[in-house]
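For clarity, chains are labelled A, B, C and D in written order, and residue numbers in each chain start from 1.
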Amino acid sequence: MKAPPEPHLLRPESYPFRLPIETQFSDMDLYGHVNNLAVGRFYESARARFQMQVFDHRNFFTRDATYSMMLVEVTMRYLAECNFPDPVEVGVGVSRIGNSSYVMQQALFQKGACVGLCEAVMVLTTRGKPTHIPADTRERMTPMLLRR
Amino acid sequence: MKAPPEPHLLRPESYPFRLPIETQFSDMDLYGHVNNLAVGRFYESARARFQMQVFDHRNFFTRDATYSMMLVEVTMRYLAECNFPDPVEVGVGVSRIGNSSYVMQQALFQKGACVGLCEAVMVLTTRGKPTHIPADTRERMTPMLLRR
Amino acid sequence: MKAPPEPHLLRPESYPFRLPIETQFSDMDLYGHVNNLAVGRFYESARARFQMQVFDHRNFFTRDATYSMMLVEVTMRYLAECNFPDPVEVGVGVSRIGNSSYVMQQALFQKGACVGLCEAVMVLTTRGKPTHIPADTRERMTPMLLRR
Amino acid sequence: MKAPPEPHLLRPESYPFRLPIETQFSDMDLYGHVNNLAVGRFYESARARFQMQVFDHRNFFTRDATYSMMLVEVTMRYLAECNFPDPVEVGVGVSRIGNSSYVMQQALFQKGACVGLCEAVMVLTTRGKPTHIPADTRERMTPMLLRR
């Protein structure tokens, strides 16, 4: 269907931010694998923790936040089965910074293997409208660029 | 970031299979909108019901099924907010049939508006390996092709 | 462990409010049954819809609501397996109205059988503190009393 | 509604098994608190990990397991709000061992406070029927008895 993923995407060290996550019993589907929705939650959790570390909590994550990082598009690729009860690790790196949007590249690792990839397009908004990413936010993202 | 979606993707009548789904209280996130994971569940539910209608239940959906329809890639695009407590409708159409894979095009409608799009690449497998889509399965899919 | 449930709790007609819910593919656990968390979601969804019908939406369900119905205790009893893809129906009736709290009795039906029971203790709060249930709210609950 | 919880239930050291769990972004509800379903998942995850440590994995947790620990009744009590992003800790102790059933007492701690309690009645089954808890399983549970 699609070209195989670029090799650097499969390596944990390409991702400046990494979050370990325990799999949970309820993550298992009918086949005993971690289900796709749980995988989606792992990526979301890692995006949230990434943003909490990189951006200012008060401006981004409270109900009265000035900014909101809106997910506008997400692509998830399933490379191998992910299983309970082993933990997973999600890697996150910024692969592109635009005017009001940026792209997060993510990977899911279990027992040393890359079992999934995710690309998320985020848009910075204020009151529901896209807004220019401020210089300081841009700067905070620089150390988080995906490594090749 | 990306070109606007093609107009026919935004019309309910393009999708031969349509599933109404009630939103649930627990689908709401911090902002009072239906959260992204719930949206992902709506698409998954529609894919499952679509497959149950189109394919043979015993061969595809039991623990001893010969075939398994594996999701290998999914892209979700968020076009507008989706809210509780209004119901949603998910449209499903087949946009491409390959040798062992096929692509499902999906759309999420609420109150007459298209609030999201989803493209899912499925691969037919037997014992974990991709396998040729049999002629009768292919035939069953033909009336389900996405309309333009 | 415990006495068998009173017979009237097992009859759909004991519950003045009833909500049909479609089971979803993702509700299935490792054993192919609807998992306990999904069952908990069914009860929660029915409580929310019940409250939306019985109480005033603006005062109870918006972010600026005066009142909040807080769940303080919930007991769920699993009587039989619940399965995908058959729909379920959740029955809700009020079994007790106190000063600031009330008890909702719930039952889960599938294919005509009662597969689970739930008892939820709700407390009416304003700004996080229990408050007297107003006369009009009390009146709205009266037709919703569990029938014996 | 109910007597206040016995003091020993509120102390982490009463529980011989303790599992730290990270809260996740998607656990938040409309009010910014960890929602009730997520709390239910925390308890379930702790029960699963407890059982995996105490019981034999192959006999209890695989698809071909001889035994199945079936949850027949669960009561959850919400004592205080639980919030993202602080982690929680779930305590688990056995409070009663019967012939074919046993009771797990659970508590949810966040920032040193007990924010919830849970009591789960489990029944040991083989092929869907309750069965006598074998002596060795009983022995494995003894060090896991709730402390007073």
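In the analysis below, a contact is a pair of C-beta atoms (placed from the backbone, for glycine too) under 8 Å apart; a residue touches a chain by one contact, two chains touch by 3 or more.
Keep in mind that this is a model prediction, so the values were computed, not measured.
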Practice task
Averaging each chain's C-alpha atoms to get its centre, pick out the one most distant from subunit C.
Solution key: A
Completion exercise
If you tally C-beta contacts across B-C and across A-C, the winner is B-C
Practice task
Over half of interface residue numbers shared between subunit A and subunit B means same, under half means different, so which is it?
Solution key: same
Practice task
Determine the centre-to-centre distance between subunit A and subunit C, using the mean Cα coordinates as centres, and give it in whole Å.
Solution key: 36
Practice task
Return the distance between the CA-based centres of subunit A and subunit B, expressed in whole Å.
Solution key: 23
Practice task
With chain centres taken as the means of their Cα atoms, state the distance from subunit B to subunit C in Å.
Solution key: 31
Exercise for the section: Indicate the residues of subunit D shared as contacts by at least two other chains. Expected result: 26, 30, 32, 37, 41, 44, 63
Exercise for the section: Going by the contact rule at the top, pick out the subunit A residues touching subunit C in the complex. Expected result: 26, 28-30, 32, 35, 37
Completion exercise
In the complex, subunit A touches subunit D at residues 21-22, 24-26, 32, 41, 44-45, 47-49, 52, 63, 85
Fill in the blank from the handout: Per the touch rule, the subunit C residues reaching subunit D in their complex are 1-2, 30-31, 36-37, 40-41, 44, 63, 68, 70-78, 98, 101, 121, 123
